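Okay, got some structures for you below.
Below, chain A partners chain B and then partners chain C, in two separate complexes.
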Partner chain A sequence: MLEIRDLHVRFGQAHILQGVSLSVGARPMAIVGRNGMGKTTLCQAVMGLVAVREGEIALEGAALNGLPPFRIARRGIALVPQGRRTFPSLTVDEHLRLVARRGARWSPERVYETFPRLAERRRNGGTELSGGEQQMLAIARALLMDPKLVIMDEPSEGLAPVIVDHLITVLRGLSAEGMGLLLIEQNLRVATEVAEEVAIMVTGRIAARMPARELAENPELQRRYLGVATGGH
Partner chain B sequence: MRNTILWSLLGLVALLMLPWALPFVLPANEAAFWTANILGRALVFGIIAMSLTFLATYGGFISLAQMMVAGIAGYTLAILVDGAVPHILGGFGYGAAIPLGLLAATLMGLLVGAISVRTRDIYLLMITLALAMGVFRFIETNIAWFNGYEGIRNVVGPTLFGQDFRNPLVFYHIALATAVLLYAGILYLVRTPFGLVLQGIRDNPRRVAALGYSVGLHRIAAFGVAGFIAGCGGILSTIYNIGISPGSIGLGATVNVLIMSVIGGLGHPVGAFIGSLIYTVFDTFAATIYDRDRFNTLIGVVFLAIVLVSPDGAIGIGARLRRLLARRP
Partner chain C sequence: MSAGMDLAATIVLNGLTLAALYFIVASGFSLIFGLMRVVNMAHGAMYLVAGYVGYAVFEPLYDRDVWYAWYVGVAAGVAFAAVFGAFVQVVLLGWMQGQELRQALVTIGLSIIVADQLLAIYGGTPRQFFAPDAIFGSTQVPGVGGYPTFRLVQIGIALAVGIGLWLLLNRTKLGMMIRAGVDDRQMLGACGVNVPLVGVAVFALGSALAGLGGVVGATAQPLAMGADGRFLLISLVVVIVGGMGSVTGTALGAVLIGLAEQIGQALFPTYSVILTFVIMVAVLALRPQGILGRA
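And then the complex of A and B:
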């Protein structure tokens, strides 16, 4: 579905992405890696939010390079950004009506059915919500865009364990429905429980790619690439 | 919600009846003066200030070009309409010249929006100020189209249902109706997806782009809407002044609109009208209160006082008082 070939991104002297190649198919995929490896930059490059000098990004065969972010969004990629980035001055309901489109698979009503917590807080402002609620809102906002592929940048960051469990259920449900999913995660448990395949990013390159179960069951691999002794944290 | 609508309707009725209520508290000649020269003028300036407030409140754009855009509507009307002195183009009645003036202001608003689309904050302020001053100087020095420094006179306005447009009662009610329609239009617009996108741009433009909306096009469209609003004010003020001259769109006038918006408060479009009323009252009575020549000192002190007490303008004072009272048992 999403094809990335030899992608380079530089910020001044810093060479952040050093030739990333990755193909994301219909099965959910996760990218894991330590801080500062370029995971967030990769999301922003795909979305057109940072300039790409070299390399190719294509969605279902059509090139995305050089398109402004809003065109990439309309081609069918939705980004749930790190830190949620809900709008402080819009209510939950306004967030949803902002992106709702007629004839889309997701409507505000369906969002409220799926996330009853959001229905209770529909009149609250985007920053009056708890972290978990903001994450649900950010995901709902992405779903209403009717995307082919959702990219989520660290969705479990800062969430309580019980909310993380709920998140995993939601993401698995979406994936089962056929929504393409590219998950950027530091939380190994979320990555391996949602995704079927895991790519490991080290200093701006994809260092390895393997079935999620293999990484989950192999502490040696985890130690080598992620510097963690046991799964999750 | 229902309460708000009820109170708004009551307020509207009160405003409609105001000219008939004034003679009970004022001598007859002063009541007529208040109707046209204070309330009517405050409404007209309020409309122009509201075009600035609309951009500032919902988009976070401070534009100093709004008075110039209003002037474009006024000049288009004066150039096209029959009876204006000197005769420049003529050939149009008010029924055609007024919509053409509004169209010109909307196009100028779009143009200002397109030119300034990549700037924000202080740079947006400077580029809109530069555009306003450029147009002002051009108009001031161009004789063939704008009659230069003298401007165009004798734009008396149409006759409506046998009534003179400039009759204080008629003018007040037309200005009030225009202001109310535009105000209601803004409150409706900001609830539509377009308005929500605009507020999203104010909060986080990159996020709006990632949600599939072109930030640039929405910004330009917002400036077009503001241009139309300013144009309505420009048409009314041109008829009120029986003509238009470059002075009415110069630096002083440009800054006055900003002062009105800030005095009233940039948090809600209603602030524009509160600010313009305060401004107009001081503008008119400066001579009686202190001294004609000291008007700028006076309005400056009022400006400082309001901004120091309540950085969000006069509309913030009410909320501040309520909070103070609530704190005391």
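And then the complex of A and C:
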């Protein structure tokens, strides 16, 4: 579905992405890696939020390079950004109406059925919500755009464990429905429970790619690439 | 009622009518800054150009004694300013988004060119619209006596602008986009919204408000060269005092500055100009984001 070939991104002297190649199919995929490896920059490059000098990004065969973010969004990629970035000046309901499209698989009504907490908070502002509620709102905002692929950057960051469990259930449900998922995660449990395949990013490159189960069950691999001793948590 | 009370009431009413004009102009300035982060130094030029273009349309109709001459003049001035504003955003400022210094310099240059072109085309004679009979003449105001009707209409126009802007921002989809864009432009784009196009709409709207101010202002008092600089300065002061990007803040700033000018002129005419800046300095010292501005 999403095809990334030899992607380079530089910020001044810093060479952040050093030739990323990755293809994301219909099965949910996660990218894991330590801090500062370029995972967030990769999300932003795909979405058109940072300038790409070299390399190609294509969705279902059509090139996305150089398109402004709103065109990329309309082609069918939705971003759930790191830190949620919900709009402080908009209520929950306004967030949904802003992006709602006629004839889309998701409508504000369906969002409220799926996330009852958001229905209770529909008149509240985007920053009057708890972290978990903001995350649900950011996900709902992405779903209403009727995307082919949702890119989520650290969705479990800062959430309580019970909310993380809920998040995993939601993401698995979306994936089962046929929504493409590219998940950036530091939380290995979320990554391996949601995704079927995992790519590991090290200093601006994809260093390895493997079935999620293999990484979950192999502490040696985890130690080598992620510097963690155990999966889970 | 004593003569002193009458005078005080007149001064307050004068302050409010002036505030109404300031609000109309400054709300456009604030709107553009809020979404685009552009300090539009050509905002005063929009005021001036709308006044002159509106007058050029108004005059021949008025000479033929057409009753709707003024309304057509207003519409022409406002429409011209809106199209001009959209043009400026598309052709000049759009491609230097985020480069604030460059945008400020370009708009300063533009305002100089506009003022000189107006001088070349229309000459330096002041212009003044004649309001239609329905809103001309004087009206009895309790506690004040006879008061120019058009100045009261001016307050009505400002209220309509304020309510209209509030409804636009809070009750329409474009308003949602503008507020979301003020919060996080980049994320708004990632939500599939054509942010540059919203920017053009906002620029057109903000300039149209400057234009409306130009025509209304040129009906209340003669329009002459130099009005562009004055109204740019007033817009800056009003939004600095009230808070950038807030409609209510702009209204509050306009009322404060309008009242201060009129009260100052009545009590200590020589130093009245200073009062405006004293208010601005005090606000900057105590609350740099403006009275109702967000930090």
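As a convention for this text, the second predicted complex is superposed on the first by the 231 of 233 C-alpha atoms of A that agree within 3 Å, B and C clash if a C-alpha of one lies under 4 Å from a C-alpha of the other, contacts with A are read in each partner's own complex, and residues count from 1 in each chain.
Following the convention adopted for this analysis, contacts are C-beta pairs under 8 Å (C-beta built on N, C-alpha and C of every residue); 3 or more make two chains touch, one makes a residue touch a chain.
Given the structure is predicted, the values throughout are model-derived calculations rather than measurements.
Asker: Mind checking the superposed model to see whether chain B and chain C fit together on chain A or clash?
Answerer: When both complexes are placed onto chain A, chain B and chain C end up clashing with one another.
Asker: Tell me which partner A:194 touches in the superposition: chain B (first), chain C (second), both or neither.
Answerer: In the superposition, A:194 touches no partner, neither chain B nor chain C.
Asker: Based on the superposed arrangement, let me know which partner A:141 touches: chain B (first), chain C (second), both, or neither?
Answerer: Touch status of A:141: both partners.
Asker: Scan A:73 for contacts with chain B and chain C and give back first, second, both or neither.
Answerer: In the superposition, A:73 touches chain B and chain C alike.
Asker: Touching A:85, do we find chain B (first), chain C (second), both, or neither?
Answerer: It touches chain B and chain C both.
Asker: With the two structures laid over each other on chain A, which partner does A:22 touch: chain B (first), chain C (second), both, or neither?
Answerer: neither
Asker: Residue by residue on chain A, keep only those touching chain B in one complex and chain C in the other, then list them.
Answerer: 47, 49, 68-70, 73-74, 78-79, 81, 85, 87-90, 94, 97-99, 141, 145
Asker: Would you tell me which residues of chain B are touching chain A in their complex?
Answerer: 193, 196-197, 199-200, 202-204, 206-215
Asker: Chain A touches which residues of chain C in the complex?
Answerer: On the chain C side, the touching residues are 173, 176-177, 179-180, 182-184, 186-196.
Asker: Can you name the residues of chain A that touch chain C in the complex?
Answerer: 47-49, 68-70, 72-74, 78-79, 81, 85, 87-90, 94, 97-99, 126, 141, 145
Asker: In the complex, go through chain A and note every residue touching chain B.
Answerer: It is residues 47, 49, 68-70, 73-74, 78-79, 81, 85, 87-90, 94, 97-100, 141, 145 of chain A that touch chain B.
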